[in-house]
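Below: a set of structures, written as structure tokens.
Next come two complexes built around subunit A: one with subunit B, the other with subunit C.
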Partner chain A sequence: MLAIDGSLLDFKQLDLLAMRQTAIHRLDPRAKVLTTLIFIICVVSFGRYEISAMLPFLIYPVVLMTVGDLPGGYLLRKILIVIPFALVIGIFNPVFDRQVIMQFGPFEIWGGWISCMSILMRAILTTSVALILVAVTGFPATCEALEKLGMPKVFAVQLLFLYRYIFVLTDESVRTSRARQLRTFGRRGLGIRQFGSMIGHLLLRTWNRAERIHMAMLSRGFSGEFHTTHRQSRFGREEIVFMGGWIAFFVLFRVYNAPQLLGRLFTGTMP
Partner chain B sequence: MSHHKVEVKDLRYVYPDGTVALHDVSFRIHHGESVAIVGANGAGKSTLLLHLNGYLSATSGKIVIGDIQLAKHNLTEIRRTVGMVFQDPDDQLFMPTVFDDIAFGPLNMGLAAAEVESRVTEALERVGAANLRNKPPYHLSGGEKKRVAIATVLSMLPEILVLDEPTNGLDPYARRQLIALLQAFHHTRIVTSHDLDMVLELCERTIILQEGRVMADGPTLDIFGNEELLKTCRLEKPLAMQGCPICSPGSRVMPEQKPLVPPHGDKNHDHEH
Partner chain C sequence: MHMADALVSPAVGGTLWAASAAMIAYSSSRVRKNLDERKVPLMGALGAFVFAAQMINFTIPATGSSGHLGGGLLLAILLGPYAAFLTIASVLMVQALFFADGGLLALGCNIINLGAFPAFIAYPLIYKKLVGRKTCQSRMVMAGVIAALVGLQLGSLGVVLQTVVSGVSALPFNTFLLLMQPIHLVIGVVEGVVTVLVVSFIYRARPEVLDSAHQDKPLGELPMRPLLAILIISALLIGGGLSWFASESPDGLEWSIARITGSDELPETDHKGHKQLAAIQEKTALLPGYSLPAETRDAHDPTPTAAEERIGTSLAGIVGGTITLSFCLLIGIFLKRRAHSQRIQASR
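Let's turn to the complex of A and B:
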């Protein structure tokens, strides 16, 4: 249970990070959202056996982390949470794909291993930039930017509500779970069946809360239209330089495999 | 100024499952009055409140706010006039930041950006929370949440404030602050609470509900002085009106219980009143 408590606090920390005032924080959210999107598109569009070509893409998260003054250890821990999921996707590749791609003397490296590594690499890159985006922009501002960029308002509102009530919901589940734990005395209690009713209970409570929130919205004149005041943001020179520079970088390294070129340059096997 | 009055006449509400929650409730609240609605759990307080801004519609009877009889077509006007502060501030604060939350009502009213801005600032200053302006609601303490929840309603400039259990879950200091804040308002106030000491300080008039019926309606002091009435309605005198537990130990305990504090031998007690 401590784990849930802990991750809840972590969420709040992500929020606090977004309140800092660095050059990156001050940029228009749209510039950061667009740059992140292009980054992700570039990374996921690499071939399945590609690893080395993705290495230059590590520069972007590292630079943002440094300029945005973000704690590396904290982000790393967050990224580690995602890695098992990526592993589950990639772990069977070595079983099915035994085509030999590389050979070092007697050691053969199967394509499956390479593609599994490639999946991991993509997971690390994409989750790190997504986390960094939220940490230097803040969740509400990110939603707002997405909306300005054409995402339907319904989705933006949905996301905002999700973010607002994830804290309340986690709090409720922590309490329920603690109450259960205190009465099971370290044993398994009634086992898995009990969790079914606990989750059902939580769902009912959520439903009730949703009703109360709707009530609160209605009593303040809500009529289906969501008005939000947009923080004034302007797309100026900094934004254009930031976006232009990084997008040029991404496209360049998407097209040319820089580590390979560098390697060839040094080993003199330039084509 | 009769236009801020609240009139409830023969209000009856039956829940879809057939439970009668309100039996022909009638009362009339005048402009500027501060009225408490008290009663045991399940007496129908919340159901009654939900009628005042038209969230529930009466099975029979009518509600008149100002000079308008509450009906489907004038709900917007009614909801602007009657500012409702819910019990759990987490239900009321649903926007990403305090500012957005307080601006929610004014924006729905279709006000211009500059006007919204000044209303938010004013409401925040009114509740002494100007420093919380850009914070997300989950970073606030219980007392702060409550004050911001009140500000979300004040920004719509309501004439009537309805508060459901305002002091619930607050620590003594935050409770004190809130009472002082509410005392400074000149709105017509309707408060439900189990905190009868707060009622004593805040409301000159009290209505007791029991099982959906009005059991008593009159000056707070008279009602709280009537022990027989309070007992039948599952209530108890506010602590401030009970005897000192050290001088007269018997006065605070239920008759069938033994006194919690044994009567002590020496007559001169060493505490101040």
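Let's turn to the complex of A and C:
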């Protein structure tokens, strides 16, 4: 029960973070969406045994987190929750890939361990930037940016409707679930049959509510479009500098393995 | 069974992104044309409903574990294929953004696996055909379970294909398949039973909701379904083909393919393969002190490196990595301090 309440709180908190007013929050959402996508493509395009070359990419989430004034512990917790899903698959790598790739004295390191570490690294980088994107942009603005970038309007409206209803319905499902929990003893009553009718009731209430809200919206002049923009969004100099700077950074560190070069410099093994 | 960005290659992710974007565009135009406008807010509400319903668990009989609703087939039954597809896609997008559940690049994969299969195959080609014109309880149960089964099997097959073709995971195709399909057989049965329970509850309480959902779909749309199926299959094929080409650039895919097809292929492409290995070797950073197993090294013998040098270079990777990490940390601390002092100044 606590878990459900907790995840709901988490969800709301991420949404609230988007209301802050920082330099990053003020940027046009399109710049942030595109930069995030390019970041992810750069990261996942690394070879499967790459680890160190990905490290400079940590700078992007770190900078956004600090400039965007986001709570690091909270984001870290959210990232840690998701990472096991990628690792479930990655953990098989050491089983199947036993090619010895590195040797420190008597210790042999298999390729599988390296690629598993690489998956972990990718997971950290990609999940953190996705969460940060919402935290510094907000969901409605992200949708708006995607619509401006060519997403069909029907889908954009769908996303915004979904977003509005989620808060109402998750609240309701938490209440329903708590009520069920309080009326059950051990495992009795938590089965599929009860679940079916409970969810059925939730569905009916949802259906009625949707109709009611839609009529209310129509009577207030809803014409199939949301007007969500709170911030004046324009693609100006800041956006160009932000995007251009970061993309140059990503490409540079995608091409050159900076930590490796740095390490060679410090250990004196420069070729 | 959400795909994560960490396991997807750009070629696979990009191809499925394009395929799912095309399907979203097509479905959007269908929804705009065909549905009465009452359905648009309904789609939003039902998406949120699936989201909320997924938070509630139930115990699965005889196993002691608990499960939750997937909802793809349920949405298809309630809304029809196009509206359901858009709804599932929107739910997946919210999950990707708010929970980082399934990545942004892997979103295309997830929309195809969890949205397209139930909405465009399991529902129209199986559920609707099996239920027939007259709705009756026993047929609905059978149809629901079979449709959910097929949808989830296809979805998990999609996950397996996309993961193996991406080549980030070292799981061989057969093993992964044997791991995924039986699990999803169980999940499929549970999903089917739950879907049917909810649908039959609605059928008893408000039959007109289901009837209107059934009637809403004009019959003229039938020829589009095979087309969409072809689109999905071709997307998978293109994804596969593209990343096959992508393996020309060193991303280690050759290995995973060689593992799947059996090791026969390696000796034939001997020279090229080893060159690629050498290229990977040079690119990889934390592990330049790379020692290939004896038999492969004999054949190629990449520029013989002394053991000390090897350890030296891997040391270089580790030292450099540590420096980079601390640099990232320092930037963070510096920016945080600055922001803090600015805030203090602003508040004065």
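Simple rule for what comes next: the second predicted complex is superposed on the first by the 223 of 271 C-alpha atoms of A that agree within 3 Å, B and C clash if a C-alpha of one lies under 4 Å from a C-alpha of the other, contacts with A are read in each partner's own complex, and residues count from 1 in each chain.
Everything that follows uses one rule, which is that a residue touches a chain if its C-beta (ideal position, glycine included) is under 8 Å from a C-beta of that chain, and two chains touch if they have at least 3 such contacts.
In this text, all values refer to a predicted model and were calculated from it rather than measured experimentally.
More residues of subunit A are in touch with C than with the other of subunit B and subunit C.
Using the contact criterion defined above for the overlaid structures, shared-chain residue A:92 touches subunit C, although it does not reach subunit B. In the superposed pair of complexes, A:219 makes contact with subunit B only, with no contact to subunit C.
When the two structures are aligned on the shared chain, A:179 is found in touch with neither subunit B nor subunit C. By the document's definition of touching, both partners, subunit B and subunit C, reach A:164.
In the superposition on chain A, A:251 contacts neither subunit B nor subunit C. Look at A:202: by the touch rule set out above, it reaches subunit C but stays clear of subunit B. By the touch criterion stated above, A:58 is placed in contact with subunit C alone, subunit B being left untouched. By the touch criterion defined above, A:140 reaches subunit B but does not reach subunit C.
When the two complexes are laid over each other on chain A, subunit A has residues 15, 139, 160-161, 163-165, 168, 209, 213, 217 in contact with both subunit B and subunit C.
Residues 50, 53, 55, 76, 79-80, 82-84, 86, 88, 90-92, 94-97, 99-100, 103-105, 107-109, 113, 116, 136-139, 152-153, 156 of subunit B are the ones that touch subunit A when the two sit in their complex.
Of all the residues in subunit C, the ones that touch subunit A in their complex are 2, 4-10, 13-14, 24-25, 28-29, 31-32, 37-38, 40-49, 51-53, 55-61, 66, 69, 86-87, 89-91, 93-94, 96-101, 103-105, 163, 167-172, 175, 190, 193-194, 197-198, 200-202, 205-206, 209, 250-252, 255, 259, 280, 283-293, 309-321, 323-325, 327-329, 331-332, 335-336, 339. Chain contact summary for the complex, subunit A toward subunit B: residues 12, 15, 139-140, 160-161, 163-165, 167-168, 209, 212-213, 215-223, 225, 227-229.
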